[in-house]
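Each structure below is given as structure tokens.
Below are two complexes that have subunit A in common, paired first with subunit B and then with subunit C.
Coming up: the complex of A and B.
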């Protein structure tokens, strides 16, 4: 699942920034294109695509810094959801 | 714009001051005497035009819902120099409720912010039935209806007079965006946006008050501030009240941002920050925040921001979070966020920032 999650997130980001060659451990904030609009789009994309809700307390820069950290967040929140619904 | 209401709300029973933001007009036997396609020549009613001009100067917008020939009707409006008053005119053969709904969506206001004026009882009844939130007016009683509190804006500011122009430039800008083949980022670069940050002056305060009342989504606390409160804070040496303006090559967006900071040590407190939803898609929310962060950092303070979760302002939370703020206190929906100001993002390339 992990590689799928990474690929999905990577596709979303490069879809918005076609010229970007982005590594999974690269800090997207260092690249300077993250404005408040894109930030919200990214959060909404992740919530919708992976059917989860990121609680505000979890909305931390570090969780969204790289594709790797976003994938980790998705996996953690997905397993939380399964525990709470199961 | 910021107060879009649910599509189906019940009609207000009590008069709500300034509720109407747009008046939608019929043409035949309403704006003019006669039926354009039957009589050929029609005479515009000067008393109606007078009302349109008066409401326009108060910042109330206008549109059209007419069953008519589109070209012929627009031609007539142009001849009379009236075409520019109407945003998204709906001149077609469809039910008027559909036209009114389309206008509300295009302008991005609630149906309860719309009044519909028509001489025909059938048309008013059709709109009332389909869209009960819309206020309908018989043109025979126009003068009385337009003097009720619903048509008296709570705020009349410098921007009220400009409101129509701002919407008209927004129409052109939106069309350009739809036709643009590149990414949204590339489109932003074509706009030539200029973002100006300045300390609030006394002439800014009415608009500042209005922003605190009208802004819901990009608002850190949802708290409203009165003119008097803002005036006191503006002059207080421990506080800094900043306003932000935005313009681009299509025209002005007007004053669209506000931040209230209390200076202090070891931390500055960002009491309130908001951005009009007019600029939601422009990615400028971070710019004002970064400016405040840089000011605090220059005085070697850290920055704490008050945040109240209102259920509608999550975009603002994301703006703080992605600028590096983290929660340090939480009491229900009231949160204190903190940044050590380690990293402050420079403004994006597609924007020029001026600090006055």
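Coming up: the complex of A and C.
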């Protein structure tokens, strides 16, 4: 699953910023292309694509810093959702 | 003689081709025609909205109908909210401004609030017992929100806020302030009851447009709030609370501007059908008819762009953010163009408060400044265009 999640997130980011050659562990905030508008789009994209709601405590820059950290967030929240729905 | 801004007898919106209207919109239209539009100029002159009107809006469930019924709303979707804000904007942009900021604050509590924050604030926000004010702009920080000077420092139990906010719509009567401030972690958002010691609210009068929107300047001096005042992710309010709320504000303003264009059209059709000049009725003159046709086309185009933004919101599609920028840019510039033509068509009568178009002209201009100015929209939309081409 993890590679699929990574690829989906990568596609969304590079779909918006086609000139970007982004590695999975690269800090997207340090690269300087993420403004507040794209940050919100990213949160919405992750919530819609993976059918989850990112709770406040997970809405940290660190959770969204790299493709890897976003994929981990998705996996964490998806397994939480599976546990809570039994 | 005063030509009314609207003609209550005519259900003119039934003519919008193919539009599915939200339930009860006909009642809201009647409310606007009878209880808002006829009084909008008087409120504009008095520079305030009567408290009975705010109560009436609550009785009609219009403060936050997007909330689920359990939280006091009616679960209305964003497409429906857009139609409601268009109707209200047709009657009075000051009233629409109240709904805009109240929507931004209430949505923030619903979307980012903890269960405790929601239980504490939503019931009173839903009824309008408590009006929300959105407090981002400062005397030296407008378009550039990152230049904000207001700070929140952690205290023994909670936070101490210091800063100066300016241009808060509904600030004179708001009970709950959504205040953006810097913290060590970055920009954060706080829910501050307006009666908290250290909050000083002063009215801003003699503004050019949306004069009845009861603007205020708000100074925060050593304002102590509890830990539960912090809302949303600490340090990352810019990419979440602020952008999300501004997106809805932009949507509301865009829809309100569709109403402004419609009001210009209605006023001009009524006026030109009666007014005679040497060459006949104004309505018979080609140069006048051209302006009327422009209003018809721009209102429909703006309405469709707003409907598209609303549809994307209703499906949680991230594309709604750009669609809303596009809708607001088009609708706000269409509104200023239509209002300018409307004043022109009315001649000297367009220059006085006997007719609604002078107010529409002043109100329309505000929409090009707030929720992302025209220039910021042009920058953002063009950036997106270059990205799209490169895709």
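Basically, the second predicted complex is superposed on the first by the 86 of 86 C-alpha atoms of A that agree within 3 Å, B and C clash if a C-alpha of one lies under 4 Å from a C-alpha of the other, contacts with A are read in each partner's own complex, and residues count from 1 in each chain.
Methods note: a contact is a pair of C-beta atoms (placed from the backbone, for glycine too) under 8 Å apart; a residue touches a chain by one contact, two chains touch by 3 or more.
This is a predicted model, so every value here is computed, not measured.
Colleague: Now for A:59: first (subunit B), second (subunit C), both, or neither, which partner does it touch?
Modeller: both
Colleague: Between subunit B and subunit C, whom does A:18 touch in the aligned arrangement: first, second, both, or neither?
Modeller: Touch partners of A:18: subunit B and subunit C.
Colleague: If you stack the two complexes on chain A, which partner ends up touching A:47: first (subunit B), second (subunit C), both, or neither?
Modeller: Second partner only, subunit C.
Colleague: For subunit A, give the residues common to its interface with subunit B and its interface with subunit C.
Modeller: 16-18, 34, 36-37, 39-40, 43, 56-57, 59-61
Colleague: Of all residues in subunit A, which touch subunit B in the complex?
Modeller: 16-18, 29, 32-40, 43, 56-57, 59-61, 64
Colleague: Considering the complex alone, what residue numbers of subunit B touch subunit A?
Modeller: The touching residues are 183-185, 280-286, 309, 314-315, 317-319, 321-324, 326-327, 330, 335, 343, 345-346, 348-349.
Colleague: Inside the complex, what are the residues of subunit A that reach subunit C?
Modeller: Within the complex, subunit A touches subunit C at residues 15-19, 34, 36-37, 39-45, 47-48, 56-57, 59-61.
Colleague: How about subunit C: which of its residues touch subunit A in the complex?
Modeller: Residues 112, 114, 186, 232-233, 235-236, 238-240, 242-244, 247, 315-318, 320-321, 380, 387, 390-391.
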